[in-house]
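Should a chain be cited, it is by its letter among A, B and C, assigned in written order, with residues numbered from 1 in that chain.
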Amino acid sequence: MCLAIPAEVIEVLDATRARVSIGGVVKEIALHLVEGVVVGDYVLLHVGFALGKIDPEEAQRTLEALRALGEPLEDAA
Amino acid sequence: MKYIDEFRDGSAARVVAERIAAEADPAREYRLMEFCGGHTHAIFRYGIPDLLPPNVRMIHGPGCPVCVLPIGRLDLAIDLAMRPGVTLCTYGDMMRVPGSRKRSLLRAKAEGADVRMVYSATDALRLARELPDREIVFFAIGFETTTPPTAVAVQIAAAEGLHNFSVYCNHVLTPPALVHLLETANPEDPEPVRIDGFVGPAHVSVVIGTDAYQRFAEHYRKPVVIAGFEPLDVLQSILMLVRQLNDGRATIENEYSRAVVAGGNLRAQAIVGDVLEVRETFEWRGLGDVPFSALRLRAKYAAHDAESRFAVVPVKARENKACECPAILRGVKRPTDCGIFGTVCTPENPMGSCMVSAEGACAAYYTYGRHKAPAIA
Amino acid sequence: MDTIEPESRALKARTLDLTRGRVDMSHGGGGRAMAHLIDEVFRHAFDNPLLDRGDDQAQFEVGAGRLAFTTDSYVISPLFFPGGDIGSLAVHGTVNDLAMAGAVPKWLSSAFIIEEGFPLADLKRIVDSMAAAARAAGVQVVTGDTKVVERGKGDGVFINTAGIGVVPAGVDIHARRALPGDAILVSGTLGDHGVAILSHRQGLAFETDLQSDSAPLHGLVAAMLVAAPDLHVLRDPTRGGVAATLNEIAQAAGVGMHLDEAALPIRAQVRGACELLGLDPLNVANEGKLLAICAADDAQRLLAAMRAHEFGRDAAIIGTVVEDANRFVSMETVFGGRRMVDWLTGEQLPRIC
């Protein structure tokens, strides 16, 4: 269900429209469901709408937690 | 691609998989349900069952809006499409799903119905503006993720006075379905459904927030971990569930913290609240009637409600008797337990809901996993 | 022998309004109108002695050895797309089917079915593009046919091309030669054509500078045969993508295949478009790529030869042929688990779920 992908905001056209890039492919999307979106933000794109923003710090924290999982095993070795 | 590739990293996957194997207690079974069809698809597409120990078993839940749409509701969409003057707009997922008498929207199109595949509800709105002499009906399906865009489209249509735009609403809700799974037991089931914990949907949760699942932890004492959409998210969430079960905890944890917050997307919720209301009951294919589990347009938007506009009469259609989808959707049976799986029933010729969509348990297993023989989790 | 002199051709060129005119039923009627169309559009563009004879058939010497013969019809929509059009595609597709036997493509036929009302300017553009593609590929369109159907009975224009090529002695390439242990190679990035087409389809608009990869591959094949004369299998993964083609070969040869997802060459924009629409690049069409299967010992030499060629720069070894009574094609995912690579029922449709 609910295929949504992270897309980088490259241009905010007005209060309800922005252009985003997914790996270099550019699409115009609707902003009615989010607020305060600026160029450089990453939004979750689903059926042509931004559903929410991706929090870069939380993303980093999640990745670090994943990496930390590796450490106890290395110590044991 | 940022926020995608990092969460598909194979070496990180190995580390998490080793942790799961190390921490899963060999003396017990862990029966975990991933509710969301997108998660089912990811699990098979990345070969995640290969990475799990045999006592950690994934049960594939009914979170696939294409799979749970009753045939009767699809038949109505096809009937609408066949009416002269109607242009039916639909997401690609519904085009090939067979309704009664082997009809489908794709076949209807071949017979002359004006069926258009759209990527977004805004495309349907554009068509309504461009074709003022046609009745544009938008076939709305999906869980809470896909509902806000439909609601926005209705608001825009009302504001612009787009009289020829209406929505055929089939949006469904996640928490009531989860409750239904835990509350109902079918005496004919080979064993009672036992689900130890849930991998919660990623993007539904972006909209409804983690607070929406509190009831499961408190009332049913089942841990829920909201998992991101990528395979590493799913694996990590499985590890978090194993740990909760080992510790005897039952809480809501948010693995997808980069996109999901406790309250969800309040703006989206408000828009949905303005446009839609809960139906008393709704039939889910494979699950039967589920109370308070679906949405319809509020009376104030009746002008844009296809069911009012077109005086649509509900139809109940019959399922194939050999189809085991009801048991599979509840997690009681596996695709390979169904007598017609892979023989009569294939993605080319789907008999039941679990095979019609790429993320139905049967379709996902057939397309990605059947090289493993029946012993798949 | 009646060849049409350039001067008289120029005189005749003024009867059709190639800028604003449209094809009508008389152009398919076999009379003077049709003769003018053939002359001013087709013969003018294809410009070769065999065609200029104006016979109902082309007659020519073929010499000794085996011939390869193929046909394909082209019904693509949109007719014009980034990187090509239905005309250039019609040449490349048929040339490539010959090239997949290791044959040197020589002669093509071209049959057009045109819908009444089709703009002559577009027709000329398509035919000129075909002619340019044929010239670049070193083939000649030596015979053809033109029909016009009533408005509403055709999608603008349909083209069929058939082609004849000569197979060099000692070359024996066909699907059943795939053997367990063989290496599987692809000549470049996957999914470029399919995504370029999608970006121009109604209702899916997204901006990309991706072009179709439509290209003639017989030059690349010739270079490959020098490096590895005993190539086992060649096939171009068009409709259905690499997944369909590898499954076809596996079925025909009675073998299985193991692929390595990390080795698949895919452009970032193709990845992005596929993520956006929920598509799998393995199921997306290519029009200028080939799959090759060779003995394991030949793989590195073959890869080097491909990469040295203009149409093989991004070539890669993507997997191995294995023994498998089930004839499954499976893939080690970037994530570490293994999954089937199945061929789809029909065309892949974008999904929201």
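Methods note: a contact is a pair of C-beta atoms (placed from the backbone, for glycine too) under 8 Å apart; a residue touches a chain by one contact, two chains touch by 3 or more.
If you're wondering where the values come from, they're calculated on a predicted model, not measured in any experiment.
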Chain centroid nearest the full-protein CA centroid: B
Of A-C and A-B, whichever chain pair has more C-beta contact pairs: A-B
Centre-to-centre distance between subunit C and subunit B (centres being mean Cα positions), rounded to whole Å: 39
Averaged-CA centre spacing for the pair subunit C and subunit A, given as whole angstrom: 38
Whole-Å gap separating subunit A and subunit B, where each centre is the average of the chain's CA atoms: 22
In subunit A, residues with contacts to at least two other chains: 1-3, 5, 22-23, 46-47
Where subunit C touches two or more other chains, by residue: 268, 271-272, 275, 351-353
Sequence positions of subunit B contacting 2 or more other chains: 1, 4, 37-38, 64-65, 91, 119, 123, 142, 146, 232, 359
Complex interface listing, subunit A residues touching subunit B: 1-6, 8, 22-23, 30, 32-35, 42, 44, 46-49, 51-56, 58-59, 61-63, 65-67, 69-70, 73
Touching residues (chain side subunit A, partner subunit C) in the complex: 1-3, 5, 21-27, 45-47
Contacting residues of subunit B [partner subunit C, same complex]: 1, 4, 8-10, 13-14, 17, 37-38, 44-51, 64-66, 91-93, 95-96, 116-119, 123, 142, 146, 231-232, 347-348, 357-359, 366-371
Residues of subunit C defined as touching subunit A within the complex: 199, 205-208, 210, 268-269, 271-273, 275-276, 278, 351-353
Of subunit C, residues touching subunit B in the complex: 203-204, 262, 268, 271-272, 275, 277, 326, 328, 330, 332-340, 342, 344-346, 349-353
